[in-house]
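Chain nomenclature is as follows: A, B, C, D and E, assigned in order of appearance, with residue numbering initiated at 1 for each chain independently.
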Amino acid sequence: MTLVLDGVRVTHGATEVLHGVDLAVARDELLVVLGPSGAGKSTLLRVVAGLQPLAAGRVAIGGRDVTRLRPGRRNVAMVFQTYALFPHLTAADNIAFGLIVRDTPKAEARERAHRAATVVGCAHLLDRRPGQLSGGERQRVALARALVREPDVFLLDEPLSNLDAELRVEMRAELKALHGRVGGMMLHVTHDQVEALVLGDRIAVLRAGRIEQVGTPDEIWRTPATTFVARFVGSPPMNLLPADGPLPGLASTGQVIGVRPAAVRLGADGVAATVERVEVVGEDAHAYLRLGEHPMVARIPAADRPAPGAQVRVAVREADVHVFDAVTGQRV
Amino acid sequence: MTLVLDGVRVTHGATEVLHGVDLAVARDELLVVLGPSGAGKSTLLRVVAGLQPLAAGRVAIGGRDVTRLRPGRRNVAMVFQTYALFPHLTAADNIAFGLIVRDTPKAEARERAHRAATVVGCAHLLDRRPGQLSGGERQRVALARALVREPDVFLLDEPLSNLDAELRVEMRAELKALHGRVGGMMLHVTHDQVEALVLGDRIAVLRAGRIEQVGTPDEIWRTPATTFVARFVGSPPMNLLPADGPLPGLASTGQVIGVRPAAVRLGADGVAATVERVEVVGEDAHAYLRLGEHPMVARIPAADRPAPGAQVRVAVREADVHVFDAVTGQRV
Amino acid sequence: MRWRSVGAVAVVAVFLPPLLMLVAGSLRRPGLPPPPGPQLLPDPMSAEGYTQAVDLGGLVRAGVNSVVVAAVAVPVSVLVAALAGFALTQLPRRLTAVVVVASLGALMAPATALLVPRFALFRTLGLTDTLAPLVAPALLATSPLYPLVYYLAFRALPADLYDACRLEDLSPLRTWWRVAMPLVRPVTAAIAALTFVLTWSNFLDPLVYVYDRDLFTLPLALRSLATLDPTNFPVFLAGAVLTTVPPLAVFVVAQRRFLHQYRES
Amino acid sequence: GAPEPADAPASIRLLVFGAPEELEAFRTLVSAYGKAAPGAEVQLIEASDREDLITRLSTSIAGGSPPDLFLMNYRFYGQFAAKNAIESLDGRLAKSTVVKSEDFYPQAMGAFRWRDQQLCLPQNASSLAVYYNRTLFKKFGVAEPKPGWTWNDLITTATAMTRNASGAIVRGTEAEGGSARVAVYGLGVEPVMIRVAPFVWSNGGQIVDNDRKPTRFTFDSPAAREALRNFVELRLAYGVVPTDEEVEAEDDASRFANGRLAMLLESRRVTTTFRTIKDFEWDVAPLPTYGQRVGILHSDAYCITRGSKAKDAAWRFLEFAVGPEGQRIIAGTGRTVPSNIEVAKSSAFLDPAQPPRNAQVFLDAIATVKPVPTISTWPEIEDVTGGILENALYRGDKLDDVIRQLDEQTRPLFARGETP
Amino acid sequence: MSRRQLGLMLAPYTVGLVLLVFLPAAVTLAFAFTDYDLVQPPQWTGTANLTELAGDDIFRTALVNSLVFAAVAVPLRLLVALGLALLLHRRAPGVGTARAVAALPTAVPEVAYGLLWLWLFNPLYGPVNQLLRVGGENGLTALGRTPPQWLTDPTDARAAIVVMSLFTIGESFVVLLAARLALPPEVYELAAIEDATGWDIFRRITLPLIAPVLGLLLVRDTILSFQVSFVPALVVTDGGPPPYATTYLSLFVYRNAFEYLRYGYASAATLVMLALTVVAVVLQWRLIRRSLGSFGQATR
């Protein structure tokens, strides 16, 4: 069972939203789709679900061309970014909807709905209608509704965006475990790079309707294919500096140097810099520096943080340096 | 100019959603409201805005009791969790709405709307209607609509939840800068603890309609008042172990030990543990361990991570240990 | 979807013929005996029915009156319905329930039961034999159904939108005008079209309240054509066609708007 | 009424009904009056049919703003007369210099007397006649109806004139669809009380037990029963009248106008329409009889409402309308037989240039016409009996049942009615 | 202040309701207990009118006619309107035209509409029967049966009135169309993904979501069914064929009030008609309530 997108193009009136996307999802793979707002992530999921007419291209699931197959026949389950809960049904009925319309016996449907709700932690809300739920509660109901079935493809459009950190960590683990249990392919859209890195077997980075890179979290992290991917994954994002900038000798002209904030060392040696601002995030601190005209962020232990306004010296190990073409942004 | 909530109680029919909340926000303070889904965060903002009738309690802004004042007279601006954009207006008109209905000259309104849109990075979308925007784009428009005015209180209900990491970091900085520039009080609801820690002058942690702790990010991080706060802030959350568990001698019976994942050291000494699962998040790794029957997470450099299944030894410095009452969960 | 188009064709095939027959009938020459078999196009064809209808029925004058009545009654009606429907969404639930029940009650009152007392009312106000009684139902939104339709439409809008307006200190009136109304445009189009039709075809009111032939509206003029002897049926049908054209046009124009929807955030 | 102040409004309102051409005649009348009496204004309130007129009249009386004058048939004015809604004209008539009671046919005047008061003045004094298609009679070589003919002659003639498309005599009584083959029917007549009544009278019978204070229909008497039986046999026994389906499809008047009906029993009112017939020649004959020559009165009159605020002005118009000049104008339309004797006998009515040539038939009939009772519930009685007679003619209900139903269903109506 | 404004917004309508409906209706209903002929002052007679109604055969026939008409026409009309709205809510070639056409008969003024059908139903020359006769011989239909005697047979005439009423569903159609268009599309997308059948989507999503509107229309149509039969019965069948096959309550009331000048008696009949309507509406309301649960509250 695989999922293949082949030259998928989508237009909304005059604007082209997806410009020929090729993507292959392997059997039982969990692929995270990552990309900035408006990149076309939701559109991509809608294409797979069959909700979005294509301007060009093909979609195949399990080797079968489903481009012209109607959504219901593709055996996919989806969590909508807007939840799309039925306002007139209770959470329980919302979750069981897919089962009931498939003529699952009432008792079994109820039972399975309850189990799915327990997984996402909304079993206590089963009698409420969507109008009586908070944002995160609705999201969990929507998630349970997708999980209740055993489809070939799960399509999750930011299913955890409205959950708090603890719940998110928990749900992340649940999703991963569930995926391990039931298998199937999972396309998981998220903004959260931690979620992407932790959850994904592979990550597809989408930018303005084009796929920039597809790879394992490790590949994406270690060898970002473009400056865009480099900056997009990692928080704070990777520092980019011209080759002839404040850290010379690491690349040739016409190239760009990338250094992750964690690879920036503040110490006695190196280039002089001014500390502009410091953010403390628990045991880490983000120091926003200025090297001449160039801004730079360093991630350092909170305990070692300099005071704003302080003068420090910045050093980078050559092993930690990524080099990109200045014009194309491609990794060199 | 201060904001004071005094014994605020809110009920929805039979269920009580806020059980007597007391909160004071100082002049020009940015207070982050943090709490799990369904804790009552949105409700709290709606109370301040005057959109939610109170069962009991008082709200005062700038020393003036506004409990019975209608929303429009409280001079607050709000980003709704659902955005609440007007579907029939373009982004530009949505942003300028508050100005136009206050009879600001057309040209000035347009000018200010454009500026606000530029701040949140949606100036290129000004001609579109909400239906033509992606989730994140809508959120930015909603944010711009709140920023365009100069209210006494900004109420932001998860204004960045649908943005990608890079944009979020950027917007975070923008918000902070903006707040520094225009002043006013800001109540910012978020699920994202990094956002909370970075952005907040202070953080209020809400749980099931009650405030668990209010404090600076540093206080919240270093001296969480309850086990709940301790686990809620920090990702992965703090490890909690019984005093008589695998790490004995750090507290007395009837108490609970809390250790942040980053404070867990894997090395040659200490208690034996099995590595169950390892998540790699860029240069960090989260190692999920099992100490006998007790699970534990350690945050370690990705480079030093053990293999799943490996046997390791776990040590914790006494300085890194938080101690709580086992029954009440209160910090000891 | 193809089957939808097939369905659409079927709908046209069922609903259009009566109207086509109306037009076909109106094109027969007045005074001829009825045709022995089905005739889609009358033979001989003649527009004489139309000229006679206009002359005999005084349709020009009546048309002007109908237009005047509709021009006042329709906007007022829509306004009354929309304002009331909106107010109902914002007022306390108990009051709303009272008005809703009262509206349903008002729907139940048959027109014949109201004629005589209303006549007395209008006479007291000195309004008989003017067009005012024909416009008066606009105060009632023409039919108490329409405020209720508006009420349901406004109630279906996301509550957050109203909250956003309250935050901007918009008065209910401005909220209604700036936000609520634009969002229910299809409903407005539908209700405007329907009130137009109701007003336009109102027959009982002018029959009772209007004496002056110069104040006759089209249905009343048409009613007098209906008393022509049967061989002059084409004259009557021509009058019916002329009377029907404006509401048809309104419907066709309005239905374009029924579809227009804003997708909300 | 009370004497009016000198500056009483000269403008009055007149409520009439009729098809557009008929209304045109009233407009002519009104404008002629405007010329004859400068400064006087008459507003014509036009209803389209009798129902509309009565609705308007009653609501406006109830609402307190009735028209000053209205025109109504004697069969229907009773309900208004009984309710005291009509002003007595005796005083004004006595003083009038323009009209006198003697100017009018007494039969018509009498119909509008209520409890010894003259409530309305008749506009016309029409009666039932037989319209026939002379061209068709000539074509089939059948003798035309002539004065003094009998009911049997009617049946014979009608049977002889009922033909199929090839001109052969047929009976329109065969079952299912057979009747469709009839191309020309011999006779057209509506199954209503006012068509049946003259034949009952002619046969020496009575339709009600007491003309002045009726309490029931008396079709159970032998003479009335026979006339009724003969009447309802027209369809199912003789097949000379069209079926109900055919009547629904095309009413008798237009069937006649289209040359497919040889004879039609109608009052004067269809004349205006028939004058537009160009394809054949037609004329009128008197009603056939059972022996006694009796006709039935058709008459409308102008009445002044009691609630009128301009009774004098209304009277002045009324004088004009029923006076020679007004009557001549209305007679010119062909619609009516003038109630004003002088005008009726003038060329305004008897104009030989206009069909029917034999218009004298109408005037001759007046001497023998009889009104139906003027009881206030007569409109209801007509509606009820209409349904019964319709079923009797077209469905062939048993005569005994018909007679019983006529009696039973109308008794409460007679009981409730008020009489002059 | 905003309360007051809301009050003002509601005011014109309430004034209209009271002045143009409730006051007149109250006056008329008061006449139900009097002998009133529109000309002379009313005389108090207590319940005499009601007693008389109880023994009035014509009234009983009219009552039964009205009830049968409501029971047949109301569900049919609503079904047709709903079917059309659901068929035509999405764009496809021909849909725009079909929408306009479906609403058109409603736009024909009542008087004209009645007379149009009078002609369409003409037993010999009318297009309806001419169509039914296609393929048949001798004035029979292709099945060898006589075509319906629309205007002369009691049953066929009743059917004719129902058929006429089925073409004027424009109002319900338009209201339902607008309601359907206002439903959120994601919900339908989700249903599509779940491969819900058309029937399931209709039953489980569309129907409950437009149920408030549908309920309103059902109630309204029931109410109106006692009134809409009036003009057709007056113009097309004149209450016949005998005896009183299409005399509905509305026509009965009209005749008595304005043609026979028995306003008090007609008012009593109106009173009965109203009572009947109230019972029907309350029953329906109960039914709707039960099938809706508390959803009506939760949407807000």
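Rule of thumb we're sticking to: contacts are C-beta pairs under 8 Å (C-beta built on N, C-alpha and C of every residue); 3 or more make two chains touch, one makes a residue touch a chain.
Quantities reported herein were computed from a predicted structural model and do not represent experimental measurements.
Enquirer: Can you give the shortest number of steps from chain B to chain D, where adjacent chains in the path must touch?
Expert: Step count on the best path from chain B to chain D: 2.
Enquirer: What is the set of chains touching both chain B and chain C?
Expert: none
Enquirer: Quick check on the contact graph: shortest path length from chain A to chain E, in steps?
Expert: Minimal hop count between chain A and chain E: 1.
Enquirer: Counting only C-beta pairs in contact, which pair of chains has the most of them?
Expert: C-E
Enquirer: Find the geometric centre of each of chain A and chain B from their Cα atoms only, then give the gap between the two centres in Å, rounded to an integer.
Expert: 20
Enquirer: Using Cα averages as centroids, what's the distance between chain A and chain D in whole Å?
Expert: 92
Enquirer: If you average the Cα atoms of chain B and of chain E to get two centres, how far apart are those centres in Å?
Expert: Using C-alpha averages as centres, the distance is 57 Å.
Enquirer: Indicate the whole-number Å distance between the mean C-alpha point of chain C and the mean C-alpha point of chain D.
Expert: Whole-Å distance between the two chain centres: 39.
Enquirer: Chain C: which residues touch two or more other chains?
Expert: In chain C, the residues touching two or more other chains are 34, 116, 223, 226, 263.
Enquirer: In chain D, which residues are in touch with two or more of the other chains?
Expert: Those would be 55, 59, 62, 249-250.
Enquirer: Pull out every residue in chain B that's touching 2 or more other chains.
Expert: 70, 82, 133 - these are the residues of chain B that touch more than one other chain.
Enquirer: If you go through all the chains, which pairs of them touch?
Expert: A-B, A-E, B-C, C-D, C-E, D-E
Enquirer: Which bits of chain D are touching chain E when the two form their complex?
Expert: Within the complex, chain D contacts chain E at residues 51, 54-55, 58-59, 61-62, 79-80, 83-85, 176-177, 180, 244-246, 248-250, 377, 379-380, 383, 386-388, 390-391, 394, 409.
Enquirer: Touching chain C in the complex: which residues of chain E?
Expert: 1-3, 5-7, 9-10, 12-17, 19-25, 27-29, 38, 84, 87-88, 90-112, 115-117, 119-120, 122, 124-125, 127, 130-131, 134, 167, 170-171, 174-175, 177-179, 181-182, 185, 212-213, 216, 219-220, 223-224, 226-227, 230-231, 235, 250, 253-254, 257-258, 263, 266-267, 270, 273-274, 277-278, 281, 299-300
Enquirer: Using the touch definition up top, name the residues of chain C that touch chain E in the complex.
Expert: Counting only chain C, the residues touching chain E are 1-2, 4-5, 7-9, 11-12, 15-19, 21-22, 25, 34-38, 80-81, 83-84, 86-91, 99, 102-114, 116-118, 121, 136-137, 139-141, 144-145, 147-149, 152-153, 155-156, 159, 171-173, 176, 186-187, 190, 193-194, 197, 200-201, 203, 218-219, 222-223, 226, 233, 236-237, 239-240, 243-244, 247-248, 250-252, 255-256, 258-259, 261, 263.
Enquirer: Would you pull the chain B residues touching chain A in the complex into a rising list?
Expert: Chain B reaches chain A through residues 12, 34-38, 42, 81-82, 132-137, 139-140, 158, 161-169, 191-194, 197-198, 217-218, 221, 231-237, 260, 262-263, 279-283, 286.
Enquirer: In the complex, go through chain C and note every residue touching chain D.
Expert: So the residues of chain C in touch with chain D come to 31, 33-34, 56-57, 115-116, 119-120, 122-123, 128, 207-208, 211-213, 216, 220, 223-231.
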